[in-house]
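Every chain is named by a letter (A, B and C) in the order it is written, and numbering of its residues begins at 1.
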Amino acid sequence: MAVAQDHATPEGRSSSPFWTIARRDSLAGFLFIAPQLIGIITFVLIPLGLVFWYSLHEWNVLANTFTYTGAQNYQMLMEDTNLLEVLGATAIFSAGLVVLNMSLALLLAVLLNQKLAGITIFRTLFFSPVVVSLVAWTIVWGFLLQKNGGINGVLLLVGIEGPNWLREETTAMISVIVVQVFKNVGLNMILFLAALQGVPNELYEAARIDGAPRFKQFRRITLPLISPTILLTSIITIVGSLQVFAQIAVLTQGGPGMSTTVLVYYLYQQAFQFHLFGYGSTLSIVLFVIVAVLTFAQWQMRKRIVFYES
Amino acid sequence: MAEVTLSNVRKSYGAVDIIHGVDLEIRDGEFVVLVGPSGCGKSTLLRMVAGLETITGGDIRIGGRVVNDLDPKDRDIAMVFQNYALYPHMTVATNMGFSLEHRGTSKAQIAERVKWAADILGLTHLLDRYPRQLSGGQRQRVAMGRAIVRDPQVFLFDEPLSNLDAKLRVVMRGEIKSLHQKLKTTTVYVTHDQVEAMTMADKIVVLNGGRVEQIGAPLDLYDRPANQFVAGFIGSPSMNFLNGTITAEGFAAPGIVLPLPETAHQWRDRKAVYGIRPEHFTLDDNGVPAEIILVEPMGSETQVTMKLGETQVTGVFRERVRLSPGETIRARPDLANIHLFAADGGQRLN
Amino acid sequence: MKAELSPRMKTALYGLMCVLLIPFVFPTWWMVTSSVKPISDIFAFPPQFIPQHYDWTTYSKVFELQPFVQQYWNSAYIAAAVTIGTMVISSMAGYAFARIRFPFANTIFMIVLLGLLIPSEVTIVPLFQMFLKAGMVNTHWPLILVPIFGAPSVFATFVMRQFFVTLPNELEEAARVDGLGRFKIFHKIALPLAKPALASVAIFTFLHSWNLFLEPIVFLSSADKFTLPQALTQYTDAYGGPMWNIQLAAATLTALPVLIVFIIAQKQFVEGLAHTGLKG
């Protein structure tokens, strides 16, 4: 076998080549993350910078002018009488969606965690809307929610005259929330179910020996132990709720009035229907700030509400 | 086949030194066991030889070649891991032949080598199974098979038996030993179990706190431990220690004076530690009185916990002792097997 | 919780679940059955839960009114490209973040995670301008590139990282001793073991791309470039009102294949999604 040459340095350490094991590994690390990093910079971070830059300009697409106007768009934001309504609709939509989604998901997960024959069939069916094309799902619900549609038809069978769901302010908002909840609650349900199944059975056995009633077991053992999952899913759900667009566009087009015009839909209208790219960018910044603040707040809450982390 | 040399090998994580300048010569074909309590640096040292940990200072040579910055794959070593590290998605045969696939060995040759190794280890009927279908002992054998297939210069074992039950451990201990006698490949073996070290090693390296405490043949370490740490670590049950002073009458420990060999008088008036192994007491009417605290009959021998003066010690007797706690026996320390250590530093005196 | 339930309790639970199932299952049934009803029966009272008359021409009209085959192909190949691209990029990055020590790894990971805070809805205006400048508006590039590199792939990277973190160190060390370099360890050891995580990434990514709506309507303007979600909304009469039965037929054609694949492979689907890094 070859005997490598052995140049000893004053410390008694043989001289090492430049490409040491650690250096080669660092290079590999950079190569592995390079596509993602370059992608993030190109398609996320630079556009984010541009959004901010655009928000300081007035951009007239038809006249093809791009003028620096400083904080004028933000001034406009403050004076925009629609904005309050839009933010209100966004808040109602998100809050309603998160509360309904999380509680229904938890209820379904607890039901599916019972020892019952054929439970996987129920699991499959509750989950199935997740894999149905979003717009297809929305179109069917739009059809069901027509004045003379399926839901009012069923209601009429039992003698109730239903409202015109998508054309009245309160019922329109309820409708878009409910349609979205049924579409996606299966995801959170599955994540909760996995978390529930991860709670060691011995804990329940110990609690039963201690004489804790079922409800107490749920509150004192189950909830604390699955709290990391609850937190994570709530972040995902709330950020997802702020991105809702297709349902609004298909079901209500933001109406009636502005009652279901959530921020993303308003942003789309301003930028791509009215070609106000500068103002649209300002609205994007608002959206970004909301997402960032909510995520940060929930992450901070982790310290208070998450009792246990694996 | 190769010798392994460590000279002044050091390792530190930031300001914390893990290995403080270890020197070690391993001859070609030797079976060396690194032993010590957990956290003593034995696994780190082995992994440095393997190339899985970088070295902060010093040199490691395998077969005369400095390997400090070589990748594990270029060091011509094979390693058996504590949890076997079998690839879960490959069959036993693929697991064993995997390293050869990356060394340009032909398919036929790989098959032949795998068959050879499987024959040696009695794995032939398991070649098509997956690791999850094997028992603990079988996995252990596959891990060894993977190592011997390549015919490397050095085998490295990192606590390979610690996940097996006691009975299987004894069986595998014998198998590894006889495998070494068959293949005569230089072997470095890490364990925290001094029984494994004693039974398997040609040479034991006792490590503590990142330093070598003593290097020597198993029985040398047992008979003449260089310091109190080695004395206490090697041997089971472990050696008894009594603190006291060497006097003209003998060793003055709290509440008792113990006999000393003649040679001990040169250290008269010195504070020292008196070491005696449990098996070096004899039941004798001329012995020193010892109050019995606990009697544990093992069948072949009897283990007695007793008080010599104020110090609690353990004695192991071939005879059956039918006495109850509270009664007194007379036990005579075997003068030829008394170990004396300095009270400060614990170095051996005699 | 896992104690045996009494028969009465069981009946009550089955009853409760069946009631809860209605809004999950009935819409799909209503979509399929209504798609074959003649237009006159569509809003009939009392509602026809099983069609009384069949009108199969709705399905041929789906293809007559729109280049539906082309649109189907567009959606399918875009989703496939996004899925494969995301799997490659996120498994590599997730692996590096979990297992390779390199300078600034944590900082870079934080930067990448920022991507989760910036959904493409936030950056849609500059993205439109960028693709306009690159001449890629009314092509499928934006629908492929943005998800592969944006928030969805960051999420995938996170899932992959969570998985790779759990791989035992010893396996990689054994592979190093066996003579594998970084790339081969990734390719031959880590990736084959990551199949469950990869499967869930694939499902998430596919569904995300398949459902994409804002991006297509922003970036695409000609019918033969449209993707399915966008195409579904185009079945309208001269007054802009939806042609319900044709729209429902197109929706059925869009939804059913994925639904059938899901029902066949539901175990892998559901368990794949459940057993990734998302678990607490």
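To be clear about the criterion, contacts are C-beta pairs under 8 Å (C-beta built on N, C-alpha and C of every residue); 3 or more make two chains touch, one makes a residue touch a chain.
Everything quoted here is computed from the prediction, not taken from an experiment.
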Centroid comparison with chain C (C-alpha atoms), farthest chain: B
Chain pair, A-C or B-C, that carries the greater number of C-beta contacts: A-C
Cα-centroid distance, chain B relative to chain C, in whole angstrom: 56
Intercentroid distance (Cα basis), chain C paired with chain A, Å: 14
Multi-chain contact sites of chain A, meaning residues that touch two or more partners: 22
Shared interface positions of chain B, touching two or more other chains: 51, 71
Junction residues of chain C, two or more chains touched: 181
In the complex, chain B residues that touch chain C: 47, 50-52, 71-73, 77-79, 81-89, 98-99, 102-103, 146
Complex contact set, residues of chain C against chain A: 1-5, 10, 13-14, 16-17, 20-21, 23-25, 27-28, 30-31, 34, 43, 45-47, 88-90, 92-93, 95-97, 100-103, 105, 108, 111-112, 114-119, 121-130, 145-146, 148-151, 153-154, 157, 181-183, 186, 207, 210-211, 213-214, 217-218, 228-230, 232-233, 242, 244, 247-248, 251-252, 254-255, 258-259, 261-263, 266-267, 269-270, 273-275, 278-280
Chain B partner contacts - residues on chain C that touch it in the complex: 168, 170-171, 173-181, 184, 189, 192-193
Chain A to chain C touching residues, read off their complex: 22, 24-30, 32-33, 35-37, 39-40, 42-48, 50-51, 54, 108, 111, 113-116, 120, 122-137, 139-144, 146, 148-150, 153-154, 156-157, 178, 182, 186-187, 190-191, 193-196, 198, 201, 204, 208, 214, 217-218, 222, 226, 228-229, 232-233, 239, 242-243, 245-246, 249-250, 264, 267-268, 271-272, 277, 280-281, 284, 287-288, 291-292, 295, 309-310
For the chain B and chain A complex, residues of the former touching the latter: 2, 7-8, 51, 54, 57-59, 63-66, 68-69, 71, 76, 153
